[in-house]
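Read from first to last, the chains carry the letters A, B, C and D; within each, the first residue is number 1.
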Amino acid sequence: MTILFQQLSNALALGGVYALVALGLTLVYGVMRVPNFAHGGLYMLGAYFTYAVLNGLGVPYVVALLIAAVAVALLAALLERLVFYPLRNAPHVHAMIAAIGVLFFFEAVVQRIWGADFKQIAEPIPGILNVGGVVITWQRLLVILASVLAMLGLNFFLKRTLTGATIEAMSQSREGARLVGIDVNRVGMLTFAISGALAAVAAALIAPIVSVAPSMGEVMNLKVFAIIILGGMGSVPGAIVGAFLLAFAEVFGGFYINLDFADVIGFAALVLVLAIRPQGLFRRGT
Amino acid sequence: MLEVQRLSVNYGPFRALHDVDLTVQEGEIVVLLGANGAGKSTLFRTLSGLQRPSAGTATWRGVPLTGGRPEFNVARGVALCPEGRLLFPDLSVEKNLRLGAFVHRRDAAGTERELGRVYDLFPDLVGKRHAPAGSLSGGQQQMVAIARSLMARPQLLLLDEPSLGLAPLVVEQVFAAISRVNASGVSVLLAEQNAFAALGIAHRGYVLEGGRVSLQGSQEALLGDDRVRSAYLGV
Amino acid sequence: MTRPAFKPGPLVWVALFVLAALLPLLQPGGFVLDVAINVMIWSMLAYGLNVMLGYTGQLPLAHAGFFGIGAYAVGILTLREGWNFWLAWPAAVALCALGGLLLGLVAFRTRGDAFSIFTLGVGVIIALVINKWDDLTGGNDGLNGVPPASSLLGIDFSKSANFYYVALAALALTVLVVARTRQSVFGRSLVAIRGGEDLARSAGIDVFSHKLRALMLSTAIAGLAGGVYAAYVGFLGSAVTGPTTTFTVLLYLLVGGVGTLAGPLLGTGLIYVALQFMKGLQDYQYIVFGPLLVLLVLFAPQGLAGLWNRAQMRRASARTERAVDHA
Amino acid sequence: MPESILEVEGLGIRFGGLHAVRDVTAQLPAGKITAIIGPNGAGKSTFFNLISGFYAPTSGRIRFQGEDITRLKTHQVVGRGIARTFQTTTIYRELSVLEGVMIGHRVRTRAGLWDALLRTGRERREEAESREAALRALERVGLAAQAHRPAGALTQEGQKRVGIAMALASDPRLLLLDEPAAGMNPEETVNLMGLIRELVGGGLTVALVEHKMSLVMGLADEILVLHHGQKIAQGTPGEVSRDPAVIEAYLGGHAHGGQMGQPGREGAHA
């Protein structure tokens, strides 16, 4: 029972992190129709920025998280301007390849600055919470709560604010958005910035649990792409459901079948779903 | 007024518009007739800023519309209700309409007022205000599209084939609505295949053929001209 | 009539390979030969990728995985099962073709971005399975001591200078296969698919079956390259089967020119050799590579061979215009 | 009624809530030119897409030369002898005219990957056949002299002809032309009409979607009128242009009894 609950809390925390990263990716895909392979790089940078700010400025964890989020958001917006905007009319393969280049660049730069070995971020609230024999680490609880909060915030922004509506509008009809007077370039940059901030928040949340390494972006990249294909590219609910599905498949598959193959199980689930439903779970057939 | 002078548009090697001259005076309804492929939609896309011309000018009240920035044109009071509607299908009708007022986002009261006016104009939409726009019937979607362009409070409304695919009764409703909008002081440029319905409410008209203006004149003159008929039916 | 594309004629290719065959006589071992063999291996992989991206218009991202399957198949069969390299190698190629078939059956239910990402996922699965399946692949420790290619006709291929000819022959075969494919009824149908699937369909082309066969050819070539790699390097680690390898080869292909016959060799040669001169940079090569990829797609997406083509075409059209003026 | 080459029966397709084509029953007479007309959005292109196997109908049947082809895939439909062109000039611009048109003959060849790699007799034979078929098709559309130019360098009309040649290279019995005259000037349109007549003279059946009424009225033996996805009339140009339902569909409800009702104005081409 305790073990089951622990696995459950692991899966929820992991799912929350996956969801935040995948949401940014799916928003960018919806608005720009670009599969942003550099997204994992932004996530990785978020972790390193948090690490650097914590160590360099000695500020509290939450402040470091916010600084990292803002920094990565700005960087993502810049990326949109410099790379994706000029490629908006080129074949998709081009944008995809450019994004891969950016990802490699980020990784190499981080490796240059911080080295290839793992970095540790201390848990802001160490220890565990014990409620009637049910045990959960504070950090996992924090991850779950914070990611749910971030998702609710995003939902509020998209559904209840006019600026948020412009993002949804643009993903449904780019020309329609232009015709009502929406500056699609600004929305594009904004969407990139949001995706960067979400990725950085996710990275800062999970960093105390996992170690920080340059390659963490590549791994995450593959997973969130799996998630948004699983959920249907561009679909917001699809990204969330896909994220938790993958997290549960990994955690419980790893626990009950073979820990070594946890990652394989996740991707195998993806292959299976796509073999049956090529357009993903949450996208209407094309 | 809208003043279009020697406007030409190329798509690659293909010239879709050829030296088009056209005006719309303040308060007028001008109809643009022509078969499919005659260049009507290209003209509208150019006037809205979606498409850049290769030559010529188009100005509204002296301000050029050809900078390739639709948001600028909307803010200057020129709104397009496009062919194919280009609604936001998964958003509710009301959200579509509110986004239509995006250029007036600092004037919340004005937007509420305008919302009331378009619901008056298209009462059918009131019951559907919370439904996704994509779930509506073709006629209702067309009403949403027109209403959305009105939310920008245009002084010049560009309507590209508003009767497309609509049942005759709905077409009459739509045309009555256009007349009312015009009566409130909005100038209208209207493209139509439905020549007689359009000429019924227009002051003047142009016939576009092969990207050129082949004929122009008053409502009466065009109604009586065989060439209008032949442009459509070839009889 | 000028040729519209950068196509060194068959004679140029033959001359090139004859020249290349002379290399071991001048440099019987060492650095230069090593670089040459590596360039041949990686350019073969780039040719495999080019069959899909260049001729069929779809970008699969599992190619390092198939390279790995080919390499590990040769490694396991020769090291563990005691097979002769000359049997293991074709078996590895056949295995990769079969893998391509299986992948295509599922992956071609998607197209465009989704196809790329889907195949990327498959590539990751392949790399992970190779990494985790300790009993078969040696897992993290890798597969050590893969024997060199066995002697054939009395030639000892454990010598680099001799093995060089194996790699050269494999590359020549690859170029021949790719060239023949492109210049065939079948290959023209692939180009038709690249130009637009709907148009190809309406021209009566069975798009699915053509894409499937192209992918099988493409993964078979990846396996061919992997086999050479296994016998040459003698050690196999799972890292080389991961997406980074795919992306690196994609960079070679882009630099050389997607969809051209000379591009894969040109790009691989150039970048690989340039890297050897920047040994100190090796760890940080992607600080240069990353922006280079971006700049390439921004400013010269057609690559070196592509740039050459464009210049040729411009010259040709200038010539015809002049001719018209004079007429 | 002449013998028909293609019959559709109760043909319909829905996209979500939209009934793009509804319960259309019609025949295309063999060896004739049938024009499919109707106001914008009437379902004409969808009708073509159904016949050519791009869309699977949600109801009804299609029979071609007596065979049920309703469920066939596009390449199988082309193999049976139905070729089509597209609304916009969709051709392979970067290929030479000849190579692009040779693609159209693919459906008559069987050479596969092994033939390509081994340069088999079949490969060489079919390559030669494709070339001949393409050259024949280019000859028919009057582009033989342009065979080696890049297709993208041709004029709009030239590119349309390449598209038609590509369709002809598949050796069709029925040719579907989707707005062949779109973007052409009057002179080019007249040339195109001549070409279509020649093709039909050679035994081909042609069906075309077109908005240029001068072309339709001057060319078609038979006209099929669609409106809101339904067939509202079929007959000779004379019959159709006097049909009140057609006039109403095109010119709107106010046309009755007005200027439009007057007879005896045929032939007043624009």
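Everything that follows uses one rule, which is that contacts are C-beta pairs under 8 Å (C-beta built on N, C-alpha and C of every residue); 3 or more make two chains touch, one makes a residue touch a chain.
Values in this document were obtained by computation on a predicted structure and should not be read as measured data.
Student: If you average the CA coordinates per chain, which chain's centre is most distant from that of subunit C?
Tutor: B
Student: Averaged over CA atoms, how far is the centre of subunit A from the centre of subunit D? Could you give it in whole Å?
Tutor: Their C-alpha centroids are separated by 49 Å.
Student: What's the distance between the Cα centroids of subunit B and subunit C, rounded to whole Å?
Tutor: The mean C-alpha positions of subunit B and subunit C differ by 54 Å.
Student: Using mean C-alpha positions as chain centres, tell me how far subunit A is from subunit C in Å, no decimals.
Tutor: Whole-Å distance between the two chain centres: 32.
Student: Classify the inter-chain contact topology: is it line, ring, star, complete, or other?
Tutor: ring
Student: Looking at the whole structure, which two-chain pairs count as touching?
Tutor: Pairs flagged as touching, ordered by label: A-B, A-C, B-D, C-D.
Student: Looking at the complex, which residues from subunit C come into contact with subunit D?
Tutor: Residues in contact with subunit D: 1, 4, 177, 180-181, 183-189, 191-192, 195-196, 198-207, 213, 216-217, 317.
Student: Give every residue of subunit B touching subunit D within the complex, in rising order.
Tutor: Spelled out, the residues of subunit B in touch with subunit D are 13-14, 16, 35-37, 135, 137-138, 161, 163-165, 167-168, 171-172, 193-198, 200, 209-210, 214, 223-224, 226-227, 229-235.
Student: Enumerate the contact residues on subunit A facing subunit B in the complex.
Tutor: Against subunit B, the touching part of subunit A is residues 162, 165-166, 168-169, 172-173, 175-183.
Student: Taking the complex as given, what residues does subunit D use to touch subunit C?
Tutor: Against subunit C, subunit D makes touches at 52, 54, 73-75, 78-79, 83-84, 86, 90-96, 99, 102-104, 106-109, 111-113, 115-117, 119, 123, 126-127, 130, 148, 150, 153, 166, 170.
Student: Taking the complex as given, what residues does subunit D use to touch subunit B?
Tutor: Listed in rising order, the residues of subunit D that touch subunit B are 17-18, 39-41, 155-156, 179, 182-183, 185-186, 211-218, 228, 241, 246-248, 250-255, 258-260, 265-266, 268-270.
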